[in-house]
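I've put the structures underneath this note.
Paired with subunit B in one complex and with subunit C in the other, subunit A is shared by the two complexes that follow.
This part shows the complex of A and B:
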């Protein structure tokens, strides 16, 4: 299985550096580049520039206005929208706190759990392959479908969780109805949804570890935990950084799942940044919604950067 | 011994946690509400597709299904086409230009869709692309083009340059080389990207929610979401909707599993 594009790209890096070396390139291929080739990327570049890059830059422009989306008149308000978000808008700070908590929960739980599944299913036996396909399955469903399935599991009166608990004589909870716990239950759903996808990334990483390393470690008398700590963990570090980065972005944007499971707009206990931005937008506060989007983007960038630092520092400390 | 038992236990428990809810949904879509609440795990009394008839006919999920088919059937090939053109140029151009084009296109992966939704909504409003399927198709293409270029361009770069050069020495122009060399040789990565895009476009919710007003223009995920408020606890009806929305992807998964895993995992590395 070539399921590991991250490392594949890294391994290819030296080659492309060679190609970038102008002296070598010129000597090796005297043929000129056909100018028609420059036409090929043009449609993609135009679409991305006009519909992706430009709107993103415009978000910065909108963010310093009080535009409502309809009237021709609006005022430039400087950084007021950003100040409002952090100091005067408890809905926004609530969504921000929820979002960071949700990301932290899902990243830790999903990374650990998908690694456990991958370790248990590394070997390409028939059973493993079948179980991998099963565990991967939820990933292909739409978020709204997954949300509906779990709404039923969590239903306090008729739901699956409480029927099962009731059958063994345990009083069930109210799950999503309990504001103190609701976010944790949605995190469980998110892990069920995507752990199988991350498991596949880990399996590719695990299968690339040379078996001789384990044999040598065993001869040296290393136990399973020591083998994991000094062979498996360092070797799957690239996979871990992919899993953590992807899970972070994915759980930052759990927009569809939250709307499906909590309704639109979601209650405060389940409001996250993307749903808050949408509510602000639906409330015709375009300028303010744009400012919130920029904070959202900055948060993703900040958290991703912090993680990269943390993950890079770990092997050095080993 | 102990390790082997706990391994089996963990795998078995998780398999149950996946299989049981899916089975309950499949069975439940044929039940009445009372029947579902009385015994969520039991087999349905009858296989009469009453709930399906209700969601398809009564709730217009049939037209939403067609809308989703149209949007996905256009946006997936269109994204692949634009991305493969760009990927091909990136593979054949040299030095700075190749790097700059690839970098520019792929950089878009770092922009979350929620970050530019306000200006995009305004822009689409000016272009008359709100509340119609053309707008949804364009939004799908825009949002997934960077990742598609990343997958396809990344693959085409690994094809030996001699293949392209041999073809152009034979007198083929760049277009012919693209169509007869680059595309066929990239088939595995195109298949993986196609599956990835299929899942993303079929399940897309944000853009329909932003753009679509008229119920007749809803795609499946949006139509399903609107069930949420209407049928709070009519789970059999919700389940019939879930089955209908998932069926095409599930059928494709059964037959093309290998590409699913490769495609969706290639998408995962974008972080």
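This part shows the complex of A and C:
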């Protein structure tokens, strides 16, 4: 179908005007917006710049000083603070070891426990919904409340744990008082605190798996384990990715839980990186504490990245 | 209004980013409070009016201070005092940063030791040596607030960080309350244990309170009075014989502590004592009000774990002068803040505070009417050592040294525990 010659001539007219003045010819993107719109993100950019970018950059600067946090005078010490952290500070390396151990314990236990809970409570029956709410309940408590609840559960004299064990004729333990076990008991608290939250993430993932896949697998004679291995686990991989990453970061930063349960400063057996950094700040070593914070930041990034690679939750190149 | 171009928009965003980066690159330490250890100025004078922020950590004393604030306001119309209370741990960690701006803590309190030193170096204090308040204090108790010739703070409370004793249990067990030697002290514990009670309730799971026993144990064992300062400076070592001897004495205490003592928090330890299940609470006189609050009706005295082997100990007990009152050099209402400190330091008001909170004060001519304070008053006249743990300025060193005692109670050998602590001390020399 041909256009009316007159119409074509009218449509061409603007182009012919520009053709007369080539300097004015500009390619105009159909998605081009008013430049003033670029100012709309300005408040958000300002907030991020002021509260995130600036303090982060400052931390890098403070990390190469010996500033005590209040004096006008300070010296630049280069990488000394970083070298000290890894070679001359057994409290820092102890906190690092504790933290990695704590993260490993909590990530494995919390991921497994929340997945098991989710598998048991996926169906939207009344009982399941009630139990989901029950398991989710600890999440809405403040971490300080959780810390105090468990501090008294673990108390060797009046605590619930030893009272229950005593009632059935078993001698209780010292729990947090036993340096070899203390970290594991705090890990139990952390899992109790957050497993319900992670369970919800898994339930969302499980409910998105098409039923037909299980029906087909059953027809092919797959048992429950084979169904889990070949259908459930691959399909909940994105949820696992979220659970593992979130639990890792959460466990690295279990600051308030540790301080609440172990006091300030916590003893060496319960000292993790965030509490160590806080102790260093409180000890008026701001420069050194800033260096520890940067190591902490790098550590979280590295561990999270390694986890995603090892668990194959992120394909190469993503 | 003319339209902004894309280039202009990007320039604004770029300038913002550059500004943030430049601001981040500003060197630390740019804003120090006025004053300083070399020459602090006296608080400015003027009308006693306006708002005064009083920063401290004694939440349990809030009601008593509220009453004193009412009396102060009745004396000076137009003045308001608001308490800014943090927990002791938070106060220890954050008070310096909070007070530097001057909007919080026109008047404030500090702990003796590291916190006082940091506040002094940061120039937070004003000079109080010519103030009205200082004349009301017992001279011998002012040293904890001094820096050189300056009287920067006024140590308000006198506490005895020694085990408190349930005298009823002691009477029943026939145990003496003033053992002159370590063997006599252990004999006393044995009698109490034979009477079917826990001799000592010790909050080993609480670093702050558990560490108070350290003051008693080290007082007569150390070769010098500034032993903790010398440990921190590397002049003395915790692997020295005298310190190992002290750790062995800690080991001697194990059978007389409650089971799983290293996992016991302070509240359960107080409960064991207030319920009469334990004969002593190894924290200090500052817990009298708390155990009374928990229902303890029995008469309370103090017992000094005398570590002497020959009965010729230098000290009969330990004390601490703390809750050091000061006026903030960054405050915009120093006149009213100083007047508040003067008011608290008057014998009548200090007496009210002491009797209501069951804590002795450093203010002279105070009449103690509280029965517990009356019973403990003889300790004010005894030869007592200033609590040693507050000589530590580095909190990591203090915690490591005190943790060696906890480790021994957990079963570690004194030599191993001392070596582990010395490693941390050496790393911080």
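By definition in this document, the second predicted complex is superposed on the first by the 273 of 318 C-alpha atoms of A that agree within 3 Å, B and C clash if a C-alpha of one lies under 4 Å from a C-alpha of the other, contacts with A are read in each partner's own complex, and residues count from 1 in each chain.
Simple rule for what comes next: contacts are C-beta pairs under 8 Å (C-beta built on N, C-alpha and C of every residue); 3 or more make two chains touch, one makes a residue touch a chain.
Every value quoted in this text rests on a predicted model; they were computed, and no experiment measured them.
Applying the stated contact rule after C-alpha superposition, one finds that A:256 touches subunit B and leaves subunit C untouched. Shared-chain residue A:155: touches subunit B and subunit C both. Looking at the shared chain after the overlay, A:226 reaches neither subunit B nor subunit C. Judged by the touch definition given at the top, the superposed model places A:248 against subunit B, while subunit C stays out of reach. Of the two partner chains placed by superposition, A:124 touches none, neither subunit B nor subunit C. When the two structures are aligned on the shared chain, A:38 is found in touch with subunit B and with subunit C. Contact with subunit C, but none with subunit B, is seen for A:175 once the two complexes are overlaid on the shared chain.
In the superposition on chain A, contact of A:140 is made with subunit B only, not with subunit C. When the two structures are aligned on the shared chain, A:294 is found in touch with subunit B, with no touch to subunit C. Touched residues of subunit A, counted separately for subunit B and subunit C, are more numerous for B. Shared contact residues on subunit A (touching subunit B in one structure, subunit C in the other): 34, 36, 38, 41, 45, 49, 53-56, 58, 62, 69, 151, 155, 158, 259, 263-264, 278, 281, 286. Those residues of subunit A whose C-beta lies close enough to touch subunit C in the complex are 34-36, 38-39, 41-42, 45-46, 49-50, 53-58, 61-62, 65, 67-74, 88-91, 151, 154-159, 172-179, 259, 262-268, 278-279, 281-284, 286-287.
By the touch rule above, subunit A contacts subunit B in their complex via residues 1-6, 8-9, 12, 16, 19-20, 22, 25, 29, 31, 33-34, 36-38, 40-41, 43-45, 47-49, 51-56, 58-59, 62, 69, 116-117, 120-121, 131-145, 148-153, 155, 158, 160, 163, 192, 197-198, 200-201, 204, 224, 242-246, 248-249, 252-253, 255-256, 259-260, 263-264, 273-274, 277-278, 281, 286, 289-290, 293-294, 296-297, 300-301, 304. Within the complex, the subunit C residues that touch subunit A are 3-10, 12-13, 16-17, 19-21, 23-25, 27-30, 32, 89-90, 92-94, 96-97, 100, 114, 118, 121-122, 204-208, 258-265, 268, 271-272, 394-396, 399-400, 403, 406-407, 410, 423-424, 427.
Here subunit B touches subunit A in the complex through residues 3, 7, 10-11, 14-15, 17-22, 24-25, 28, 36-37, 40, 82-83, 85-86, 88-90, 92-97, 99, 101, 104-105, 108, 110-123, 138-139, 141-143, 145-146, 149, 151, 154, 157-158, 161, 165, 168, 173-175, 178, 199, 202-203, 205-206, 209-210, 220-221, 224-225, 228-229, 233, 235, 238-239, 241-242, 245-246, 249-250, 253, 257, 260-262, 264-266, 268-271, going by the rule given at the top.
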